[in-house]
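We just call them A, B, C and D in the order they show up, numbering each chain from 1.
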Amino acid sequence: MRLFEHEIQIRVRYVETDQMGVVWHGNYLQYFECGRTEALRACGWSYRELEEAGIMLPLVEAHLEYLRPAKYDDLLTIRTTVRGPVSARIRFEYEVRNEAGETLTTGYTVHGFVDAKTRRPCRPPAKLKALFG
Amino acid sequence: MRLFEHEIQIRVRYVETDQMGVVWHGNYLQYFECGRTEALRACGWSYRELEEAGIMLPLVEAHLEYLRPAKYDDLLTIRTTVRGPVSARIRFEYEVRNEAGETLTTGYTVHGFVDAKTRRPCRPPAKLKALFG
Amino acid sequence: MRLFEHEIQIRVRYVETDQMGVVWHGNYLQYFECGRTEALRACGWSYRELEEAGIMLPLVEAHLEYLRPAKYDDLLTIRTTVRGPVSARIRFEYEVRNEAGETLTTGYTVHGFVDAKTRRPCRPPAKLKALFG
Amino acid sequence: MRLFEHEIQIRVRYVETDQMGVVWHGNYLQYFECGRTEALRACGWSYRELEEAGIMLPLVEAHLEYLRPAKYDDLLTIRTTVRGPVSARIRFEYEVRNEAGETLTTGYTVHGFVDAKTRRPCRPPAKLKALFG
């Protein structure tokens, strides 16, 4: 599998707005994180278990494009795509839509595999590599 | 010493506002945290070193009273009072004022001493106990 | 009705943890906020519509007691109680439990009714007053 | 002037860390925001006044590259570069360094000029255009 798509829904919290009356731009990285967590869970991975097994996935790169603002109490759909192949790095792509189906924000993040103890790069788990080629 | 007072200044960040156009209420706990960190540093303690030495100070209780809102870009003064005696717990009191000298928020936090490894209650460091009686 | 109870579930986000390995203490005010929003919705109120109708509910007071820490990926239950009577102020009480049913955090918030334009205290909406006496 | 560089220092707050023991990746957008605010102030602009004058600068794009993690209590230097020319958009570049002078994170943000009332694109303020060509 080279591509795994997953969708979740998130209700915008009041705290996530700023005085512009819309979601503060950095909070989309929270939404991406939620999408990523659930996408991994849906293909058999719990990020929590991954960390408990001693592997962390710190970000190497993040990119966001803002098309339309999200507002308080909006019910957002976060579509996360895990894009293989998984090598020393893993890439996730995101699209945030509102209830009207409009795309609000898109972006991607790239993560490295790191040994939690040594904090040095490590190989991706074999099972994950098997899954995404 | 039964009482140690310390003041710092914090500039309100855009991210800290919400769509009411004022600082989101929970962010005062961030300001309290900054005040607490610097108050401890001013009486010879670095919270970072405390944690590195294996002692954590998780919250047991927090209380906030909101009198007037803080706004974006306000330069706030956070006055932190460490109130002895230090026993199994330590108490900090806070007052947040704006540039006009108006009190915006007051509150307090109570913390326990916890061994970072066992996550169980532990004695306060002798030096801190000596300081605050 | 003097009392309205409502429960929601929230999955702890990675961003909500701190280096102590648990949920940062101030984030419970986010959870309380989510609980409050959904409790109001469940008894026929949308906080969004309330604000659009020109009424805001800023905090006057908040209180939190921390019994046990919540951890990343925990599925928390937030029980919110709206406690009447509703006068110039409205009071919400909260209890956060984990999947094992343990109480992690309790607290309450007190809010005033404020006219969004004048930013001055105003009467509670008649319908809300009728509901909670 | 095609280029304006400005530096500020920021102390990492406890709340900004996550359970990986480092600054949560999205918080760099807060640091960028602080750098941007102070860079604008240093060349004669207050973002607060800009908004009060009816002009907002929402993000169109953001990009971050993570080289090394920042830790709790680190004293970070944020270097912000305003890169002209200013047209319908304005671009800021950022570099975050620690006390050892190591580069931790770099990135940029692109912003549009928006009329606060109509929420539609508008021209950049003449003075800003004069400044950055």
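Everything that follows uses one rule, which is that a residue touches a chain if its C-beta (ideal position, glycine included) is under 8 Å from a C-beta of that chain, and two chains touch if they have at least 3 such contacts.
Since this is a predicted model, take the numbers as computed values, not measurements.
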Relative to subunit A, chain with the most remote C-alpha centre: B
Chain pair showing more contacts of the two, B-D and B-C: B-C
Chain centre separation in whole Å, for subunit B relative to subunit A (CA means): 33
Interchain centroid distance [CA atoms averaged], subunit B/subunit D, Å: 27
Distance between the centres, which are taken as Cα means, of subunit C and subunit B, whole angstrom: 23
Per-residue multi-chain contacts in subunit D, two or more chains: 14-15, 19-20, 22, 26, 29-30, 33, 51, 72
Subunit C contact footprint on subunit D (complex, rising order): 14-15, 17-22, 24, 26, 72
Touch list for subunit C against partner subunit B, complex: 19-20, 22, 25-27, 29-30, 33, 51, 56, 58-66, 69
Contact footprint of subunit C on subunit A as seen in their complex: 11, 13-15, 29-30, 33-34, 37, 46-48, 51, 72-73
